[in-house]
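Quick notes on the structure that follows.
Letters A, B, C and D name the chains as they come in the text, with residue numbers starting at 1 for each one.
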């Protein structure tokens, strides 16, 4: 049995072990096909994931800077689950299983480690470090296809925006520290109640940093380019997990311990949500590349989550958590379908989906499910997600925000339905069903199951989310 | 029913959905099986809805065949079902229409499996809205009822042709007006746009009721501040009104109904538009009596516009399906006008009109479907003298037409009579006149169309047409029968309806 | 005692049953003559019933709830049996029966299915008309009122493939519907004020002077509008002449003897209510008289034998209405009955002639008396009756009407009616002389019709004569002043004489007469039907259709246009916004900077 | 010198850095700008630590420095890769992806 301080970080330690293992194995790896290496990494994450299911809230670690509370555990399960799906989808395909499989997984797992720590961080220093540990590998992964001109360009853009925002973040945090005279978030929360302008400024600047991570408008501009250029399984993972992490930090920094004063963030979050929803949905309209379309729609979804954030209540927080879970399945699923089609057709354009319903009905049905879920249609996860955040906002009296969100959902459905039209209404260009690799198929099935299960029976997740969110306030 | 301890409403609601799943997964490439499953599952719904119609205890009134299962306790969402006199009739209507619709679209060749699956899923949504007592679940079913439309119209629909004209021509070019894809998208998005308002309204009720529950019954007991009542009722009016086709939010309906395949037009014009009116009456008036009382003037006045404007537009159409579609706009005006009178006669008339017009318009679209698929044309100008080659269709069409112009002995008359009675007893007597004028205009265009299509010398290139056949007869006969039966014995329907409208009225204008 | 309810119900049910049979059992309908047999059997049976009821002089009222309501039913249906209804029952069933028999021969060479359809409609009509007669309340009356309208529409359009017939049918429906709008509004208003549709209750209130409704005048006027449409009163009479496009037996039954008289029947029925509003009554009288005169003038210039009869029907309906308006409803009703007999006779006779000659134009006929003496004879009887020559039935009823009007001190209407009496005799004998006497034109092959047609003719003729004689025996005077009878006879004879002079003797050349000044104008107007049809046509095309086209355009290109513009703008907006994603890395950093700025400003603005 | 002075200095450095990032066309120059921005953070932290007599700030600074290094290293790596593929490090020409 581990000593108390370590017990809190058991997941992180386990993941560290996996990292080490992959690193060592990589030294001995030879040849083009390194599927086994990828397999090992996946196995390791699976183990950690399994471990995460049994861990229980533990007393705070050294100096209370590292907490293993319900929120942290919920988030970590989410990260690990998403990572499992992501790795599974990448299994057996370049680059994840190619000659550089080792590097790929090392980077990815490092970033994951950062997220895990971030979810528990309750100290500015730890928070910032974890944040960077999460971010930096992503820049590299974005440009992992280093022979691909677009990929490296995307990675540069990602890096630029990322590092500038983290500079802003750090700058903000420095003020926070200065105003609170401590790096302990609990102290920050107390200081906030005295509403010191310096502190406020700091938190605002920090918010910019986090907004980049969750890709809220106008910090989103790296998103479409990166998504379009980077390898799809990675993008699928990138499109959900870091964002989830970002939201967890938001909760920690802006809600935890602030109680009533949390309302102060309402107008800002509402404003951010509005512009993000509008911009995301509108910019998605003219897209012809499915990944790019999903990128913009993803921005819009962040907006919807921010609606829950604007509620600045336990309910809102919980509903964002639920939204994130639903979003993991729907969004990753959608990206994976794109990956599947792209492997067969060599194209990621929406046109590549023509007549999919007649070529491989089940794949089309899966895609339809994911799209409907993203669009917020009954009996798939997204419906509840969207309505829950709306409900939370309404409960906080933000009816206008709900209306804006709901009306913009109509715009969103426009482009989702256009994709559906390609699959179901238009005739296929060439016959023959799409061949799926076993791991990818499995990943897709997981996503589909998740979407439907959540859609039909959301109760348990909702309850869990509410349980972990309540103590924050 | 209760003796059987059968969750009868759930069975009615989900039976088509089960049918859809069966069709999807068992009946691949077996068209006959598809139709069989569809007929059986919808038949079950029909029989059971007849059953509850008979079994409904008129003395006891109120909501019966009650079911409840908690879904998300912390939010007070629960799967709660029950029917009163109003929903009872509309459930029956839905069952009849879809049953007829299954037979009317017997001849769908292309991808019939998906067609029937989507159709049945859609119907579950419709049933759900009528029977659910939990507003959240109601909304859920509402969306379920709207969405399949897109594919149903997009895949099996038929494109019309509309020339971009006027000052907005550029917009017409950019949006591709006239194509079935356009119509499908327009219909779906427009209705979801409406649902946005409904959503806000529902949440507002949840918040202000303070009961922490979405249950209709809990909210009934809650008291809402006048201000809240006003704007929430308005939200519901706009939201449901879109679906009910209130002017000027109606333009989705002609395009949508004209492009949709037969069964879908039947179901949509026949039942879904009623769903909007039902929402306004049940949720809007039922939960926000003061708001309703304050705003009926608006509802009724716009309804008057609907009636006359819709009838005139119908008269101007050269495309048969558009004529029927616009007549729906006009008749929905009657429905809402009747409701807005806030009188016993009026509310009864409103519900009865929902039923009558549902059957009538279902019949119309079934017939238009037959004519279209035989003559391959919707242009009224090109038709003529069909009466000789398809007497059955001609007769049915005439009956439908007579009902829509409110000829006695058809359901249409009873509905319109009650509407008139209610209108003149309401606070806005002048509403009577637009309503009456509307019926006359209806007489004008209906008889004009009938004459043009079925009478006169038959045009040479339509000699080959033949009358309705086999399964199609089932649809026609069933609908005509109901139309006339309820026209001659309106008590059958009004009995239960009255038990529901009177208390509703008492809530609004006091006993 | 039960018989009181069951017998009328039976009379009502029999035609309905035959209708249902024919409508539902397709093979039976397609069998044609068999269908005819069914229809005839049914109507014969109910004729028997009607005669029995009439003979017994039943009086009874029975009602059942129709529209349930919270406090008692909102509306009822039922049966009202009283002398008025009884007489009407007999007339309706009798004429229906004769016409259906007659049709069997008249429509002998129709295809079987068509014939079946014909008898289906006939049965439906019989049922509806009887239902109307037996109505105990305005609502039920309106219901059947509309149904007979429907039957008229269907039967006028019996030869629906003829454009003329189709047009006439639709026109008839629309014009009568126009009147019915008034009817329905009126009874709804009445209901709103009194809470009932039933005659019994309303009359009771009226007796007790408990019907003090300010708008009663308006209400009764609106209700009267229904009669205007149905009984072809000015200005809604235009549909009746066109209705002659239907088969002649139909014209005899619906457009002469029964349906068109529904208006008169209604006004008679509601007399106690109309009595409360003298102004409306006066109006009814004036309009009636004017209609009578107007129609008579038009009949004088018409060459189509059926149209002549149609106009004379309009004119006679004017008589009845005038009587009702003068408060002499019973006189009007009396005229209704007699007119029903001899006008049916005339139409059926005309039918026989048309059947023989194959044309409606009286100037294509001539000398038919020699070819078909029996038809000629009965037609002459009918004509005399219509012209009001004693001792035939028409004379007494017409005299009663005139007497009633005079007694009501309605001088001008009386003058108009008197003038009409003269014209009636004139135009009817114009027909008789040109068609039956005079030079035999291309009608050599004409022959007597089959017995199925001749039988009804003789029967009606006999009834006309017998009824007349019976009235003469019973002393049919006592109407109005003593000079009335001689006057009306004189007028009639004058008319006959003029017609004889013009069309038989040739002493006066019709053309020259028509050209003479005051008449020439009248002649021109009458030939143009006083421009009324043109007026309605203009209103329909120039107003209703044009308006509809305008609204249609507005809906398609403005109301919908706004929506399309909104969606187009959304799409454009997306495209425009997309451009800020310029691709240049530093612009993205600008994005971040801008974002920070946005946050700070926003916070300054809103944060508390 | 007062705390304010240090903060102003830091703000200036930060602004200059941002300005550099926004205006330099050469990728390397941009990296330098980022470097400056992060150093401004360090100035802040140290100043606060000094004036509050609290060591945490210094610790924070150490971490920031380390992170800055890592970040810039990665940045340079990316720039090199880009130069390999595109034969240029001119930011204006790196706009394949857009819209």
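Before moving on, here are some points about what is shown:
The rule is short, and it goes like this: contacts are C-beta pairs under 8 Å (C-beta built on N, C-alpha and C of every residue); 3 or more make two chains touch, one makes a residue touch a chain.
These numbers come from a predicted model, not from an experiment.
With centres computed from Cα atoms alone, the innermost chain of the structure is B. Centres computed as Cα averages put subunit A at a distance of 26 Å from subunit D. The geometric centre of subunit A is 42 Å away from that of subunit B, both derived from CA atoms. Separating the centre of subunit B from that of subunit C, both taken as means of CA atoms, is a distance of 37 Å. Separation between the centroids of subunit B and subunit D, computed from CA atoms only, is 64 Å.
Across the assembly, subunit C contributes residues 571, 578, 581, 583, 585-586, 589 that each touch 2 or more other chains. Multi-chain contact residues of subunit B (touching two or more other chains): none found. For subunit A, the set of residues that touch two or more other chains comprises 156-157, 160, 164, 168, 224-225, 286. Two chains count as a pair here when they touch; such pairs are A-B, A-C, A-D, B-C, C-D. Here subunit D touches subunit A in the complex through residues 10, 14, 17-18, 21, 27, 30, 34, 37-38, 40-41, 44-45, 47-48, 52, 54, 56-57, 59-60, 63-64, 67, 70-71, 74-75, 77-79, 81-82, 84-86, 94-99, going by the rule given at the top.
By the touch criterion given at the top, residues 124-125, 128-129, 132, 136, 139-140, 143, 146-150, 152-157, 159-160, 163-164, 166-168, 170-171, 173-175, 177-178, 181-183, 224-225, 228-229, 286, 292 of subunit A touch subunit D in their complex. Subunit C contributes residues 578-579, 581-586, 589-590, 593 to its touches with subunit D in the complex.
On the subunit B side of its complex with subunit A, the touching residues are 71-75, 114, 136, 139-141, 143-144, 147, 150-151, 154-155, 181, 185, 188-189, 192-193, 195-197, 199-200, 203-204, 206-207. Put simply, subunit C touches subunit B in their complex at residues 65-70, 74-75, 113, 139, 142-144, 146-147, 150, 157, 160-161, 163, 166-167, 169-170, 173-174, 177-178, 181, 184-185, 188-189, 191-192, 544-545, 547-549, 551-553, 555-565, 567-568, 571-572.
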